[in-house]
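The letters A, B, C and D name the chains in turn, as written, and every chain counts its residues from 1.
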Amino acid sequence: MEGGYTYTQGFLPVKKMEIDLEKTAVFITDPQNDFLSEKGAAWELVGDEVIADKVVEHQVALRDAAKEVGIPVFYSPHTYTEMDFANWKHLNSAEKLMFDIDIFHEGTWGHEFHPDLVPDDNTVVMNPHKGFSNFHAGDAKMQLRQYGIETLIMAGMSANLCVESHLRDAIENGFEVIVLADATAGAGPHAKNAALINFEFIANEVTTTDDIINRLRQAANS
Amino acid sequence: MEGGYTYTQGFLPVKKMEIDLEKTAVFITDPQNDFLSEKGAAWELVGDEVIADKVVEHQVALRDAAKEVGIPVFYSPHTYTEMDFANWKHLNSAEKLMFDIDIFHEGTWGHEFHPDLVPDDNTVVMNPHKGFSNFHAGDAKMQLRQYGIETLIMAGMSANLCVESHLRDAIENGFEVIVLADATAGAGPHAKNAALINFEFIANEVTTTDDIINRLRQAANS
Amino acid sequence: MEGGYTYTQGFLPVKKMEIDLEKTAVFITDPQNDFLSEKGAAWELVGDEVIADKVVEHQVALRDAAKEVGIPVFYSPHTYTEMDFANWKHLNSAEKLMFDIDIFHEGTWGHEFHPDLVPDDNTVVMNPHKGFSNFHAGDAKMQLRQYGIETLIMAGMSANLCVESHLRDAIENGFEVIVLADATAGAGPHAKNAALINFEFIANEVTTTDDIINRLRQAANS
Amino acid sequence: MEGGYTYTQGFLPVKKMEIDLEKTAVFITDPQNDFLSEKGAAWELVGDEVIADKVVEHQVALRDAAKEVGIPVFYSPHTYTEMDFANWKHLNSAEKLMFDIDIFHEGTWGHEFHPDLVPDDNTVVMNPHKGFSNFHAGDAKMQLRQYGIETLIMAGMSANLCVESHLRDAIENGFEVIVLADATAGAGPHAKNAALINFEFIANEVTTTDDIINRLRQAANS
């Protein structure tokens, strides 16, 4: 098994997307310490999976490949402010948990980008999202269209929450999405498996980081 | 095991929502023959689960209980037109499958509401959705607010696609959602399990049809 | 003065858009009897302007030119159901007026398309909108992307309400919009002027029906 | 004439909204130096109107009254980053102008809040918007619902662009909106008049700052 696949829906059509570098971007959700670093607020929940799937290494390789072939990288960070923590009234289960563990607290170390994934001049850092998707609480839709992007190569944390919500909203907004199964992780294998099952239904393609990097380079050389 | 739960995330807080009948509605996705009737276009994929979980019976009981206690029922049907089938260019995996099996084709029997779930004077039939969510392609957001609704009791098909996308979007739009685990089904147990795992993270509460009907009656009598 | 311009903001840059037929569509809001036909529910408010600007004739010419050059026409109709009229609780001023005059009532003659603008095989009839914009209550965003559309040639009724709201939302969703100043009208000259002023700020270009038809033909012949 | 009204549509119903302090918030767009301070990037376009209508004074009075009666103030700032200025490809007319005058440039003095309107502990500073509306590029929808807000008292800059777009989107999202005609201004009287005409159609009520402050105090004392 490569990259975390444990089950494939046999009845779904599978197709490799054509990569058009002019219209393609890398899109990474929540590349922050609270998810990706030891001592991060959610490390106890996601750490084993982050290590097992080499999520940080895959995101770094992906980010570097994007720069190498000349396509932009969009970051969708996750942020809660002091006032959010103090005043929000309608928390769902995951938000209750997130508020309990004080995750993505603006101004803290855990809220900062992972040291290997600090934005550079090829990174568009979008408005931070709350909830699970930048398409509902940020500027993803506008930024991507202003750059002429039509296809997203999606990675990030966590698999079945923010990645999957960004995937669903991107599709509804008319983008095509390739999800990288080994550049994401969830709060345990059940969460990751749920995400992988749904990615297969909803994405245009699910593949691995190595595969997409090879295809980006091929596209750049053709 | 009642109502399809096979796994519970121990780290998530669990809370019973208070039911305020003034602000609560039932919300059912895709109550149409193609999902819920033998000979429906997707019956081969979902039929065993629809029967095993008594999905139709649960939706009917829920619909009747809503009328009994005086709260509205919102239907989010799923529709593709002749022109959609002919001209759409950017299909994801599930849409390719749906287009292959000619599902929810406007004007066909499969597109009609299941005979036990025909709308009545307590049913708000919203604009049909395409893709997976009425919040992106219909009037759900507007209709619910115009009726003063804040809490949704959600059921429908299919579990990990349209129900889950409606759930995610309802949450991002500020609604609270109680999902009924036994009034929904997916394309096989993997799909249903993926949905159940994600419902626990994202919904405000996951419960069964019997439980919610009891609580609706209690609220009406108090 | 041609096509209704009474004032131009001198400080705004003016540019003619390039027409790429592969990515361009005509987009018409509310081409229904209640706005465009004598005895329509809003005729008393908009009729003089509809006649003065030859709105129907311009929309027909535009619709025909689209078919001639092979680009699709999207209709965004306006609909209220029996249940909307009975149950909606949060009406703004224009909605109160619309509900008072029983406009766009599903099933009535006024709700039907104007006889000269009946949809044909080149017309994509989207989900009807309520409020003022299909992007909030319909499938405009999804349909346009599925057809690969990036630029809209916009016309319809009424100028400062539905046309302007569709324009604003189209822009936020990353579309480019050319508005036709003489294929729209409002509830009196104040309403039309307000729209024209705002079109100049918000659209990518404002022009006349004759001008755009000429440019569509040029694009088809080049 | 008080507060900038120059024309009233006689056919529109007029109603005073009931103020329920539990569900009401003040909502101010773009309270930044580039619009409200001499030497701001847009001062040449809007300065005369800002002075004539006492826009800063009215916004300050409104902000203070909100704190006095215990309702929150939401700020929707306007921001463009270095990368937006460098890379955006699809600018409309107003955006071309804004990019030309280098307005709302993150990190500059012009981008800062006006010194009399610096956020305090009663201010929710939302994600900045781009384009014209936070509902498309920020977290307005989510923040307002998390605070239980249903009615907005809206002020800000500029009248026919960001204020009007926020108004239109708030209405489509099911909020009720009272617009303050004298706590906003536009790029000249034509722009302001266009806004006032459209406010009357679209808002639930249009009034003045003095009037709303009186009614807020009455609501607090009853």
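For this structure, a couple of remarks:
The definition used in the following text is that a residue touches a chain if its C-beta (ideal position, glycine included) is under 8 Å from a C-beta of that chain, and two chains touch if they have at least 3 such contacts.
These numbers come from a predicted model, not from an experiment.
In summary, the chains found to touch both chain A and chain D are B, C. Both copies, chain B and chain C, contribute mostly matching positions to the interface they share, with over half of the numbers common to the two. Across C-D and A-C, the chain pair carrying more C-beta contacts is C-D. Rounded to a multiple of 5, the C-alpha superposition of chain A onto chain B involves a rotation of 180 degrees. Centroids of chain C and chain D (each the mean of its C-alpha atoms) stand 27 Å apart. One inter-chain figure worth recording: chain B and chain C are separated by 34 Å, centre to centre, where each centre is the mean of the chain's CA atoms. Put simply, the C-alpha centre of chain A and that of chain C have 38 angstrom between them. The set of chain D residues touching two or more other chains comprises 90, 131, 136-137, 141-142, 145-146, 172-174. Taken as a contact graph, with one node per protein chain and an edge wherever two chains touch, the assembly is complete, since every chain touches every other chain.
Those residues of chain A that touch chain B in the shared complex are 7, 9, 11-15, 45, 90, 92-94, 96-97, 100, 131-133, 136-137, 160-161, 164-165, 168-169, 171-174, 176-177, 187-188, 190-191, 193-195, 197-198, 200-204. In the complex of the two chains, the chain B residues touching chain D come out as 141-142, 144-146, 172-174. For chain B in complex with chain C, the residues that touch the partner chain are 72, 81, 83-84, 87-90, 124-125, 127-131, 136-139, 141-142, 145-148.
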